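Okay, so chain A shows up in both of these, paired with chain B first and chain C after.
Showing the complex of A and B:
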């Protein structure tokens, strides 16, 4: 702590050191630390200690019953040799790799056009934003009902009216993951649209005026002005959405509760594997190793995306 | 709705003629928007149908009735879960508004050795996913007797790095002169924060409050883990167990889902502008 250069101290601490209690800056330092006292306890105890603890547990065979013993990297070896883990790993990235581009493309397109529409603007915006305020666990059941076979499911009902054959959706290993992903995209779209619109509003209109004087068309303005200036917003949303998809759980848990993560583990994301290993099998050491892997993935994705988008 | 009349009156006078492209854009946006709320409309529609009518997929029920709501609410479970969620979300929100603001303010407006270190340490917790912490939290809770208690549900979220960072950003825009004037008036540092600085960042506080409340109202993963008795379930966990138990009685499940959704929708309809602005603020600064 002390070897971090104290750029802000200037005269403040120097005075504080000599005149201690009576100087105003000295008193302010005491106030500052008293304001921070409880938060420091909180962050140390509820954030940092559990983080270290998770790493430690991942090297043990702790199962809640017997005391934990150190087993080295056995949990990680077991994990990387487990075919279900690789299936789950693939699923988790499928949610991310398909879900993030689709939801960003949709939300940008909607925000771009919604931004120009003034007639009943707040009503339209509300329609798109409402799903963001719903509870994922509740809406998962609505979507689950939508995906039911004829005569219950709404989507298959519409398909049959259009003379399209009924689809399996959640019952098919091929269609179940995309079906759940649609729910995730739907739930997150409103937030992304709002953020994109805020980003679009922040671009000064003089840029557009100058471009029009230069004779640029709408498409050229979009490519040369709007998109580059929107980069910080886009980076934020890419990372935010990716992390959301990598941590998907609520929808999968509720939409596949009769066969969690099924059919045939085709929808199971990493968080669900963690949940089952820890709280159904109580294999805490193994589950902790999975959480460490999740942490590494999240870290890599956020650092990687920031890096890629910053250099473009 | 105010937009409609305002722009309607303005358009013919001083704007360009409405282009056909704009009408097309508007129509497509309306259709897309209606598609977005279709799941909600169907949820409400089915919650008003009887078991026999569920297979009838029309949106407006033939004989709408609140019987399902009466049935679902009659045994008091949903009321209990509703009360639990309200208590948990409100307490956590108040705690975040207080502590995140206090820490954000301290980091923005006080000069002391170690300030940068504390800031980085708090910020670094953003990188740690909840999923990694739940196993140690579960262990901690079982040792301290916090499992299956309100405190057990609430303790992990009492302060957040996101909120602290958001509030710090906003407190940095508060002019030092205001705080100095209060200091000369003889207010102590706590009073300066609470009475002078806090009122100046009300938009940020409301953004933080909205985000924290919504996040905790819809939270599922940790409440699912930490609660075992039905009396302590939050609304999402309760609904999930209720839906599993109802099996294929979709009209009952839709009624439960509607009950879980109505509170946030009502709050949104009342505070729409406020909430949208709050989300923009939090999203851009956070």
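Showing the complex of A and C:
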């Protein structure tokens, strides 16, 4: 926050020393900064300041009521010794590692073929985009009822008609996480398809024509032209979707609200553990330590992906 | 909600202007949003203001999910309410945080409180001082679907053995062995964890907690109680956790013959038109031992109220915990009066629905929660480990006891 007036002052004095009147570019800089100042001040205040203070709180035992006392790394020691944290940590990565590739593969496949469909193209595209417009909570509740046991669960009803034993879905520690992930993938699909299609459209058709004249097969065209040229789009979606899965909350919370993150913590993501620690147990110091860990994970994953997918 | 808030402030503002010549004191009352509770409180405030023209009460409400956070945050910000409603289980947190001040024993004599209110009121007493008074209390009972019991030709159960028998006879399954209508709902996230903790453990001869508030259910009695509960699903197959999502939903849909729930569920069950339902006391064990779990929201005085505001807050608290106010609360909200004389009236005891709940209050226990959500979660997980992971019940019980003791220890620090 404090560096803004400094920069302003520098710009002005530097110009001021060379001549008494500001140069054209100097005025531009001042204008630009005065416009930028507001969002920067606002952002520093509502984003950067709380982020920094979270780091501080994570070293205290603050519980909202009593004054915080410094406890060193006690919260982090407690966190790393907590089996639930490791369970939740594993869940968070399960959402990421399974969710991101599947959703990207699906959305690319759909976008790739949808791009070639001319019959009712806009209608189909709208249909795929529709889930993205729906409130996550409403969607989660509909899926929650799909997964119910007999007599109300649609999926179990179908299984029963096919003489397949009823499945537990959300009630099973093994099936609950994949069941929720399906809704998460489905919810984000529409957005990813639209972005992929925009990426596909941006590839000049002359490349394809040239390739076809040279006698390249469809598979080779996909591998040599489409995928490499689609890389910026893919990078964006990988990062975007990864962050989305790392922060998954709505679907899990709404689909397991009787036993949040359950059964037996099998679906609980880190974000939900933070929420419960902070706003149910009011253990702000411990929650802040979890937040710092999540921040580090998000940072590491995003940087890692940018590094792997960078332009060589 | 915002509209209601605006309206409330407008009303408060107008009445403030009207009374400012008489040097009115304005006090703020906080509770969470629940339509009938807000309506009942509006009525009580109107009565109170009529009798005390020099005091105005402004009701402020928040959604339940945000309520504790709002109270705690307002305390941190130094502008808390003068009178506020709180769940008895939040007292330790609120007291330690200085949200509440103890009631003045000159205005609210301890022996009078203990003589007039149901004994469970002692859960909000700390170091000899009361931190609030309830208007209404809640207890548990067994709800049954008359239609399903009649179809099976059985009467509502009075003992645990009869409970299993009636549940077995009323359970319906399809060809694949899937339950299509439960005998007894199983919902640990609902009221079953209270039933297990305060009723079944005691009926099996144990105690859930010792005198110092430490976990004591890791005993033979606790194990018997856990086995009794999980056997309902695994051995007797009369219920299924997660059936119809929630026990109360299954009962409401007419797909469960019996469910254990509290007075607060009456409002949700009253509109049922497909079948008649009734209420009986929670089943006794073979020796006739009964128990119940009672809970309540109390009203306390905020620590920031001093001087004339404190005097006004005390007057208001005295009114909303009077027998007159309790009758209003019973009529509007449907919750049982917290004073014996207001509760145990002939009319109430003759009421087929209120009577079983009232009888339950006489032998009810209250759990001293330090972190209700986390402690309930422990009970849910204990049952899930047995039902979903086939863990040995003894091991699951010990694990639950250790986890809950850790929560209690952390709160005592």
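Note that the second predicted complex is superposed on the first by the 271 of 312 C-alpha atoms of A that agree within 3 Å, B and C clash if a C-alpha of one lies under 4 Å from a C-alpha of the other, contacts with A are read in each partner's own complex, and residues count from 1 in each chain.
FYI, a residue touches a chain if its C-beta (ideal position, glycine included) is under 8 Å from a C-beta of that chain, and two chains touch if they have at least 3 such contacts.
Here the structure is a predicted model, which is why all the values come from computation and not from measurement.
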item: Partner chain in contact with A:118 - chain B first, chain C second, else both or neither; value: first
item: Touched chain A residues, chain B compared with chain C; value: B
item: First, second, both or neither for A:287, with chain B first and chain C second; value: first
item: Contacts of A:302 with chain B and chain C, given as first, second, both or neither; value: first
item: First (chain B), second (chain C), both or neither touched by A:172; value: second
item: First, second, both or neither for A:198, with chain B first and chain C second; value: first
item: Touched partner set for A:259, first chain B, second chain C, both or neither; value: second
item: Chain B versus chain C as contact partner of A:279, first or second or both or neither; value: both
item: Partner chain in contact with A:149 - chain B first, chain C second, else both or neither; value: second
item: Chain B versus chain C as contact partner of A:65, first or second or both or neither; value: second
item: Chain B and chain C footprints on chain A, overlapping residues; value: 145, 148, 151-152, 279
item: Residues of chain B that touch chain A when the two form their complex; value: 1-4, 7-8, 22, 25-26, 28-30, 32-34, 36-37, 39-40, 42-43, 46, 54-55, 57, 99, 102-103, 105-106, 110-118, 121-122, 125, 127-129, 131-140, 155-156, 158-159, 183, 188-190, 193, 214, 217-218, 220-221, 224-225, 235-237, 239-240, 243-244, 248, 250, 253-254, 256-257, 260-261, 264-265, 268, 272-273, 275-276, 279-280, 283-284
item: Residue numbers on chain A that touch chain B, as the complex places them; value: 1-2, 4, 6-10, 12-13, 24-25, 27-29, 31-33, 35-36, 38-40, 42-43, 46-51, 53-54, 57, 110, 113-114, 116-131, 133-139, 141-143, 145-146, 148, 151-152, 154, 157-158, 186, 189-191, 194-195, 197-199, 202, 233, 236, 247, 249-250, 253-254, 257, 271, 274-275, 278-279, 284, 287-288, 291-292, 294-295, 298-299, 302
item: Contacting residues of chain C [partner chain A, same complex]; value: 68-69, 72-73, 75-76, 93, 96-99, 174, 176, 178-180, 187, 189-190, 240-246, 255, 371, 373-374, 377, 380-381, 384-385, 388-389
item: Touching residues on chain A, where the partner in the complex is chain C; value: 63-66, 144-145, 148-152, 156, 160, 163, 165-166, 168, 170-173, 258-259, 262-265, 276, 279-282
